[in-house]
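To start, the structure itself, in structure tokens.
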Amino acid sequence: MQFVTAQSTAEAARLLAESGGAARVLAGGTDLLVQMKSGMVEPATIIDIKKIPGMMEITEEDGGYRIGAGVPGQMLGEHAGVVALWPGVVEGCELIGSTQVQGRCTMVGNLCNASPAADSVPPMVAANAVARIEGPDGSRDVPVADIPAGPGKLNLKPGELITSIFLPARPKRASDAYLRFIPRTEMDIAVASAAVSLELAEDGSIAHARVALGAVGPKVALVEDAARAIEGTTLDDAALDALMAACRAACSPINDKRGTVEFRTQVAGVLAKRAALIAKDRAGEKQ
Amino acid sequence: MKKIHVTTKVNGDEVEFLCPPEETLLDALRDRLGFSGAKEGCGTGDCGACSVTLNGRLVCSCLVLGAEAEGAEISTVEGLAHGGELHPLQQSFIDNAALQCGICTPGILVAAKALLERNPDPSDSEIRYWLAGNLCRCTGYDKIIKAVKIAAAEMRGETA
Amino acid sequence: MVTVTLWGSLRDAAEGETEVTVEARNFKELLDALSARYPGLTPQIERGVSLALDGRIYREAWFTEIGPESEVVLMPYMKGG
Amino acid sequence: MNKITREKGQFKVVGTRVKRPDGIDKVTGRAQYGADLVVPGMLTGAILRSPHAHATINSIDTSEALALPGVKAVVTRADFAALDDDEMIDIADNCLARDKVLYHGHAVAGVAAKDAQTARKALKLIKVDYTPLPHVTDVDAAMKPGAPVVQSGRQEENVQPEHSENVTGYCEFGHGDVEAGFAKADHIIERDFKTAAAHQGYIEPHACLASMTNDGKADLWCCTQGQFNVRSLCSAILDMEASQLRVTASEIGGGFGGKTTVFIEPVALALSRKSGRPVKIVMTRDEVFRATGPTVSSSSTVKIGMTKDGRITAAHAKFRYQGGAFPCATYSFGAQAAFAAYDLEAVKSEGWNALTNRPKEAAYRAPGAPMAIYAVESVVDELTQHFGLDPLEVRLKNAARENTKAAYGPTFDQIGLVATLEAAQKHPHYSAPLGENQGRGVSCGFWFNFGGNTCVTMNLNDDGTVGITEGNPDIGGSRASISMMAAEELGIPYSDVRTIIADTSSLGHNDVTDGSRVTFAVGLATIEAARDAIRKMCGRVAKIWGIDEDAVIWEDGYAKPSGPNAGDFEPMSIKEIAAISSNTGGPIAGHYEVNADGAGVSFGVHLADVEVDPETGYTQVIRYTVFQDAGKAVHPDYVEGQMQGGAVQGIGWALNEEYIYGEDGVLQNAGFLDYRVPVASDLPEIDTVILEIPNPGHPYGVRGVGETSIVPPLAALSNAVSRAAGVRLHELPMSPPKILKAITDRG
């Protein structure tokens, strides 16, 4: 095994490509080191990307924010601009692991772990966040929703790595929220989760919404029917019922040690309802 | 397999060590440098017994590679007391019976210190959530939360 | 003579009784007398029994004296915790 | 029988909140735990474990592993001694499998190598040829005829023939005519319950360092609740003389009963013997969950009859426990403890143990009691709901008290249940208002408490301070409480006493730190050792003064003439006596050796408020109060700590902790991520109320306090959920999917 501190994305991409799949990118390490400990992966090369310029930075761009692949959750939570614009995304990131894990874990790592239960992914999908990918063939931008291919699988080509996430600008009366269900208050993997991002019209009704669910299918799902169910409404009871029904209809979870199909489906609806109400309150407060 | 030479600072002192690339910072601290105050309770970031700060951020040293410590500043439980004088958190843990077996104590002290540096007057709930990644199986946490509050008050110059 | 209360599942080994009377002045004599009179009790005695004497539990203590008026209850030997 | 010699109001040190002697070491990171010791030339040991839940071992080929550079020794079960005692064979077989692997994670071979990486590589080179066998992990399935047989030939003589061969033991306790009692009841409720296996969850994984030299002498350093027991077991398994094996207990990072036996220690010794080098083995967390000793899981049936005014007329319970792949007796503790809190005319309590393909259970805080009392307290509570009665009133009406014939046989001495129930009733918690979706639950708890083999030496130092040598690892602050009792008896300041824990070569045998025995039994022995030293000091002073020994008394750290008739002498302090001890006959020490009895049972009552989210089934504990009889609280902070810690372990067991096995017999949650122990943010303050109903069996009235507190939370939370959510669960843990399903099914 070798450990390399990459100095540029080009170097990291080259090392990844040369390794033939035997290299792993190290940012926060909070998934990678656990996998190494259990013997699940035995990488030939570990490529630390945190010293690459820009990786540890949050920069304003076109009214939105670009977040480097090495930025830990805690740093994101400390950034007043991101917190104001995308509180639901920050919420999701800050729910990854403990305070200790918060000091290291990254949104990109959470995305690349390709777990349907990843906490930062539903809010990124709801936010229509875009991942910047660098690889042997240069750079490309791909919506976060299109990155996961299934549990543990990514739509990345050999040698490609995600270097940043872009959270776009949004109208003034807009906000988002993320909720997950876990059996304790902290330290668990989401059993079901929901992120809702919405924009309010002048009359306070919902002009546009995006709803994403986690841990209820092979990958985080954007639920268009759920968004349609609340657009044009003020989240009256009928709209919320329709939202819950649409979310539940979109669920295709599994039974496992963390939850049952029945439970995940039922709770995903409840979380979407609650997240929608929080997002609407937040958007409304930004008069 | 070649070992990596790492130069780093632990509790203000510059140190060097050699470690294999896959070795964790926890193992490097314990086995190479003799800082055995950090404990391995799980090795997967779920118990917090190995908590240290790395460049000012609280981390599980079991989820950091030793090689990543190059050029970093690390603080461990061994650096809390100054000379013969205990840190107010250490004293408060003794005075308020906030430890039983003591295996989680180093990690909790390091984590609590990191909290009080960010928030000198945390509420019970803030302490509980901040310390959620530090498992304690003996105390039920009650006396730990009280000890942190009392130490915080003392550090703010209030008499508890 | 002392009257010893056995626990229910020892009944079959003691001719269907859960209260038996034997001659004994201490714990050791009691165990020997029980074993001699009810050989079916021997496996359990060998696995370990405690003695509750007037409400106090003695785990081993062969020479604990038993008075004729004492309440004597046999219990399984306990450990762990 | 009453041997209390010091009562309320007479204590100077006992009952104060002094600082623990191990405090500074533990807050500075200096305290040395199992994995912290390093010695020159040390090798790293690792253990190969079974990938099967149940399989025959056809052969083990270690040659490739041995050929790997850096590998210094490989051991298998064949490296252990031939044993003839069944219990000892079981322990050895659990440390390294013999003919079969009996559970996933069962140890098969050990390796010692120059470093951890090499050891791990070597494990992969050991070739084990297995024939997988059918397995069983559920207790009810294991008891059924035709179930896969875990071990044959292990049934005790009184097991009914209708069960499978896995059923190893049966017991029955109780008295009175149960059928006649049920006939008198106005209402009878009978329910089936299940509880999952829980792990003690100590944060420190098992660790040891063994060093054997080729003359057969060995030193073993390990985290254990009983170094003497480790010596007994290891010396038998390694065929050593006890004198040649010195075991030193490290600081211990939690045990709760789980460190009362051996797992890796005999393997480390065997590896050291073979390699000629010191060998350290440290378990991973995964290994701790898979292959140490969680508690039993249970299935039970409880039937209770009650009159409409709340008097229990009869009770009958059946407890079926599985304790893993080797026989255990925990079922009988459960069956005995089940009805301890009640004064019953007719009661029958039965228990069975079944073998399964799971790790052998080890003790866990009040072993066997929580799951039995959970079932009983749930049915009692449902009856109070049925009749619309107050749960504490009903418990008081039926409460065991002095002279009650306990369901497990004996007649109770002075006990604290009624006082504890009354304290709960009067506490503001019990009458505090509750909000929507909130409910309050009550449960009693009980543990027997043990005494056991104990010896203590007290040495008077030449400056008049005192050293205590005792033989029980300190898992809850016992060094402080023992020093306090010594100071109390001698009449000297706490700061003049230092208590240390001896290795096995420095003191006679002491039983394991279990059964909440240490503060009681070691405390008792310490007080008696102090009295022995006092007698000797008075004897020396009598010689100096030229009067009879009887004419010298001991008071507040001074030898004094017993009265005017004894003579007019200036009292002599312990320091003065110590200073001239070489002139008066040499060093002064006190000793006491005893197999202590009279531990005094312990009762507790818990009040729990919960709020249940009706849309998700999530349960939040919002208020919690523990009431417990401590006899005499030697160090109130540490008594509270035991009450709080036990309560929180019980809360975890009630809500989320469980061993989850797949169809393949593999444990699915062998880590703290999915074995969900409570975290700080899950909990409210745990309020405590200590009651002191002195134990007549201890000079200061002390009772053990360590275990009772884990018992009540299981039913207290279930009873609270029942009142908050309107659904009663009969299975633990009450994880959110189960609660939500119950709410949904109710409609």
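So that you can tell them apart, the chains are marked A, B, C and D in the order they are listed, and the count of residues begins at 1 in each.
Definition applied: contacts are C-beta pairs under 8 Å (C-beta built on N, C-alpha and C of every residue); 3 or more make two chains touch, one makes a residue touch a chain.
Fair warning: this is a prediction, and the values are worked out from it, not measured in the lab.
**Q** By mean C-alpha position, what chain is farthest away from chain B?
**A** The chain farthest from chain B, judged by C-alpha centres, is C.
**Q** By count of C-beta pairs in contact, what is the leading chain pair?
**A** Ranked by contacting C-beta pairs, first place goes to B-D.
**Q** Taking each chain's centre as its mean C-alpha position, how far apart are chain C and chain D in Å?
**A** Each chain reduced to its C-alpha mean, chain C and chain D end up 26 Å apart.
**Q** Report the inter-centroid distance (CA atoms only) between chain A and chain B in whole Å.
**A** 29
**Q** Could you grab the centroid distance between chain A and chain D? Build each centroid from C-alpha atoms only and quote it in angstrom.
**A** 44
**Q** List the centre-to-centre spacing of chain B and chain C in whole Å, with centres computed as mean CA coordinates.
**A** The computed centroid separation for chain B versus chain C comes out at 54 Å.
**Q** Counting only residues that touch at least two other chains, what does the list for chain D look like?
**A** As it turns out, chain D has residues touching two or more other chains at 284, 672-673, 678-679, 681.
**Q** For chain A, jot down the residues that touch at least 2 other chains.
**A** Within chain A, residues 37-38, 185-187 contact more than one other chain.
**Q** Provide the list of chain B residues touching at least two other chains, using ranges where the numbers run on.
**A** Within chain B, residues 1, 20, 43-44, 46, 129, 131-134 contact more than one other chain.
**Q** Sort out which chains touch which and give me every pair.
**A** Applying the touch criterion to every chain pair yields A-B, A-D, B-D, C-D.
**Q** Within their complex, state which residues of chain C touch chain D.
**A** For chain C paired with chain D, touching residues are 5, 7-13, 40, 43-44, 47, 52, 54-61, 64, 71, 73-81.
**Q** Quick one: which bits of chain D touch chain A in the complex? Just the residue numbers, please.
**A** Touch list, chain D to chain A: 284, 286, 615-618, 655-656, 660, 668-669, 672-674, 676, 678-679, 681-682, 735-737, 740-741, 744.
**Q** For chain A, which residues count as touching chain B in their complex?
**A** Of all residues in chain A, those touching chain B are 1-3, 5, 26, 28-30, 33-34, 36-38, 46, 48, 50, 72, 74, 97-101, 103-104, 185-187.
**Q** Help me check something: in the complex, which residues belonging to chain D touch chain C?
**A** Contact set of chain D toward chain C: 1, 156-158, 170-174, 257, 260, 329-330, 332-333, 336, 348, 350, 362-367, 408-413, 447-448, 450-452, 512, 514-516, 595, 597-599, 697, 706-707.
**Q** With touch defined as at the start, can you tell me which chain B residues reach chain D in the complex?
**A** 1, 20, 30-31, 35-44, 46-47, 49, 76-78, 80-81, 86, 90, 93-97, 99-106, 109, 124-125, 127-129, 131-145
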